[in-house]
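Each of the next two complexes has subunit A plus one other chain: subunit B in the first, subunit C in the second.
Entry: the complex of A and B
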């Protein structure tokens, strides 16, 4: 364990990455579906901020374009689309999940700890961001999986999937800040496709089962 | 310590005096601001002092079945709150003669002993509400304990000691110490701990009269007269002690006296009380913004504080603390 004081730059970057992780935890406990979507928008905003931070501190101009695209797509378009696709009737409150909120957070803490230990044993070094940001990004991805697994409603699962992509974005900022823009843009369009697919699932499922809970999906015939 | 300075023992006594005399003032300011925020005129700022004076003049009524524990509890608690200000940086940046007789864990033990003796005195009466309050206070005290432990771990990781003075000096040393994620997370976690331990709104209403929602407040329902005055005074002191730790160790350890000279030490007193009032303002605003959590939802709040403290340790492990 190294106990060097991180530089101010690294400290700020790490705090932003942690903010992304904390939003992920907040999604885990958010009772209202709409607040979950808002949290996703906030998380994307932090990712945008992180991209701008790396762009200014490391002078990588391409990242400004990426930040702009991230902002337009993930802060404005995707949350807006999901909000519009949410059936506006009586299903604002998410179904209760398998575990209580406190236990869910404890499980997610254990999973996040696993991510930290796993990445810690990899010894990755990066020029753009501190290595700890990579561990945090891995934790975001795993906690997103926890969200998808434990929350039994379609919106949580969609938001879990989208925020997983946010985690991957942070990781790509750490590992390959100079990644060709084309690749990044391809990721973002993947996300757009996922939004459409999840939107269709939400509408169809709500149309058939009159709820957003996935508990109705465990029978072969409806 | 120049020739014209106050001897360290004097400064130490002054630290305790500041907490003893200043605590009701800080409580009064918070209550006043809270009243204003709610559109009321609010009680006078000096009201807590009048309340204490009134209670000390009143007769003491003791429940029939209770024993000496009932009477000794408030005194023990008050004594504990007199000891803790010696261990933490209240007025000075440097440790005073008795400042190193206990570390953060030591201070935590003494605060826990105070809480325990108040709970015991309440439980001893056999009155249902006092017992309920005592048992709840102990339950939530135990639940918040892991968070406090992880906060201590992080302090140890940052400073290689567990002395509050060391962390205070580290935070003052440079900007990168303030923005380092371990410090930010642990400061927020400790803020939540203070919220739980002082019984503020997401956890408990401190001014309510409904017994079923009470935790800390219910413990003192059976006391009257001067023991009640000691309990109320002690609660105010505990609040100021926790504020002082949060301010002078974690968040804003500026304005402390760097030497024993008269001017520095005298200036440090209003600086501390001013900072504590500002912090109290934050708590008053939180009081007005949020509603009280249901009793069984408090564990979720505590889980959030625990999450922050654990993340701080994990980030250290990843080398980015």
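Entry: the complex of A and C
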């Protein structure tokens, strides 16, 4: 077996995907809800960059439109909406999670490693498309799950979902760049609607419980 | 005739917009009309689909026998729920009541529109979009009552279902990736294209996509272990919404899984997809049967019954004999009718007694002379009693399992369904048939004798329609419908190579 040296294109895509994954880890340890939202905006910016890069390197002009929409929606509108929904600074500190930060990061590392090996063991070969970025995207999705499960406030959970969607976006950019634009736009539109719904329910919850913690969301059982 | 597809897609959407601005009284009427017309149009499409195998309108809309089954189930519930809601909803006076009514009706129509759109769109990507719309609309409808319980339920629902759909989106991307080996890097995910090329896809990639799809859409379908949002959302939503969630939304998510199943059997053969569904199905059925035995809340009882029936659907698909697949598709229709009717009856009980607590409801048959007995009938129908449709469908599924020499699974299915029957009918007969109202402790809802009488004639009408439909499905399946089910089962079968 010969050693495969990744091409420059694949290398750049991988680096950007890894940047997305690292941002996901940073969210895991960000103590302030506001900093979490900022990290999400940064992550979306990297995804935008990846979209532009894929558009240039593979000459898919449609992706420029997608990059623009991603930027407007995920870097500007969604973080802006969530920031506006956050109440005043007194509850800005994220709720302490079940595990400490260090253990949380360790769990996330284990989960990410699992994603690498799981996708790697598929032995997917493709001439045009890098598969290592696909493994990284899967890791982003799983680490987002860790964030949602271990953080006990509604904002972290919502941000976790949005960043999971970023992970799927990375996957779609590296392995499904030719997906018709109408579909990609529909995905983004759906995300926007989901943000609004998350926001409405977050507001309602805060209005009723006067906190963003999920602790008192445990009445319904059995 | 394909133009009818456009009408079905446009009508509920237009009605949703109108009802948001019109007075509530008018909204009630046009929602009923829209529901009945949509159901009628769906029925007129059946013979067309049976003769032409598929109808297409542009590149975005397409219907074949498989999606037709789900369109019929959805539009049937749209019509009956609209009738039920007209009797169930009692709005407070003044501005708050009007606002609630407008939101409710606009949401109801939008929800039904998105569920009708899911089987009509052509392609896995658009299917995902339609199902994501059902999530966001129904999450708002679950929250509409603005109680602590409703807020908690809708948060769990929107978070868990969105995560599930995130996984389903991943499945969509992976399936697209599988297709790039055949179609090049730019193509659309329409069914015809995917099915034609499926036998040349990479098996490992399709396997991954299928498992992700079962997990992702299974979240919305209510399969164990990702069913956790389901009982909360079903019990806290307004009852018309519970009926739609249970009878139609879960089925639509199952439809999405079937689309992946259809592609997967062409690439990797039937064994792997069937075994995957079998594991999820048995686990769901087991969990639901046990929870049904110890349930204290009427609407949660019916919600767990939904988990049970979704488990039966998954197990039925795992048998693979054509007769079992016909049974599965008939089960989708019969479950929609039976669960709708049961929720309508539960709504009537909840309105009458002012509680969902099974321990505080007694003498239901005495208090509700029409909807009481019909609720008992609907629960018996859910437990697969003849002469109702679920008896026939479960009979087909089990006989398909036996003919496929999957005796152990078929036996397990029968045992678990019997356990579920016990739990379901025990609770229901207790609240409906035990006559003693005055023996309840003071302060509970039943402590003052309730007057005899129905909450609303509309509720009775909706339940009669549901039971008649169930009896038709059970006693004499119309020939067009049975042809439709046969064709759909053939579409799901393993093609001869």
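The definition used in the following text is that the second predicted complex is superposed on the first by the 210 of 222 C-alpha atoms of A that agree within 3 Å, B and C clash if a C-alpha of one lies under 4 Å from a C-alpha of the other, contacts with A are read in each partner's own complex, and residues count from 1 in each chain.
The rule is short, and it goes like this: a contact is a pair of C-beta atoms (placed from the backbone, for glycine too) under 8 Å apart; a residue touches a chain by one contact, two chains touch by 3 or more.
Because the structure is a prediction, the values reported are computed rather than measured.
Clash-free side-by-side placement of subunit B and subunit C is the outcome of superposition onto subunit A. Looking at the shared chain after the overlay, A:141 reaches subunit C, while subunit B stays out of its contact range. In the superposition on chain A, A:70 makes contact with neither subunit B nor subunit C.
Of the two partner chains, subunit C is the only one that A:205 touches; subunit B does not reach it. Looking at the shared chain after the overlay, A:213 reaches neither subunit B nor subunit C.
In the overlay built on the shared chain, the residue A:7 is in contact with subunit B alone; subunit C does not reach it. In the superposition on chain A, contact of A:166 is made with neither subunit B nor subunit C.
Rounded to the nearest 10, the angle made at the CA centre of subunit A by the CA centres of subunit B and subunit C in the overlaid structures is 150 degrees. In the superposition on chain A, A:36 contacts neither subunit B nor subunit C. For subunit A, the partner with contacts to more residues, out of subunit B and subunit C, is C. After overlaying the two complexes on the shared chain, residue contacts for A:197 are found with subunit C alone; subunit B is out of touch. Minimum C-alpha separation, subunit B to subunit C, in the superposed model: 16 Å. Applying the stated touch rule to the two superposed structures, the subunit B and subunit C interfaces on subunit A have no residue in common. Here subunit B touches subunit A in the complex through residues 157, 160, 174-177, 179-181, 184-185, 299-300, 302-304, 306-308, 310-311, 314-321, going by the rule given at the top. Interface of subunit A with subunit C (complex): residues 58, 60, 122-124, 126, 128-129, 134, 138, 141, 145, 148, 154, 157-158, 161, 164-165, 168, 171-172, 175-180, 183, 186-187, 190, 193-194, 196-198, 200-201, 204-205, 208-209, 214, 217-220, 222. Against subunit A, in their complex, subunit C makes its touches with residues 125-126, 128-129, 132-133, 135-136, 139-140, 143, 146, 148-149, 151-156, 158-159, 162-163, 166-167, 169-170, 173-174, 176-177, 180-181, 184-189, 202, 204-205, 208, 231-232, 235-236, 291, 294-297, 300. The part of subunit A that touches subunit B in the complex is made up of residues 1-3, 5-8, 10-12, 14-15, 18, 21-22, 25, 29, 101-102, 105-106, 109, 112-113, 116-117, 119-120, 130-133, 135-136, 139.
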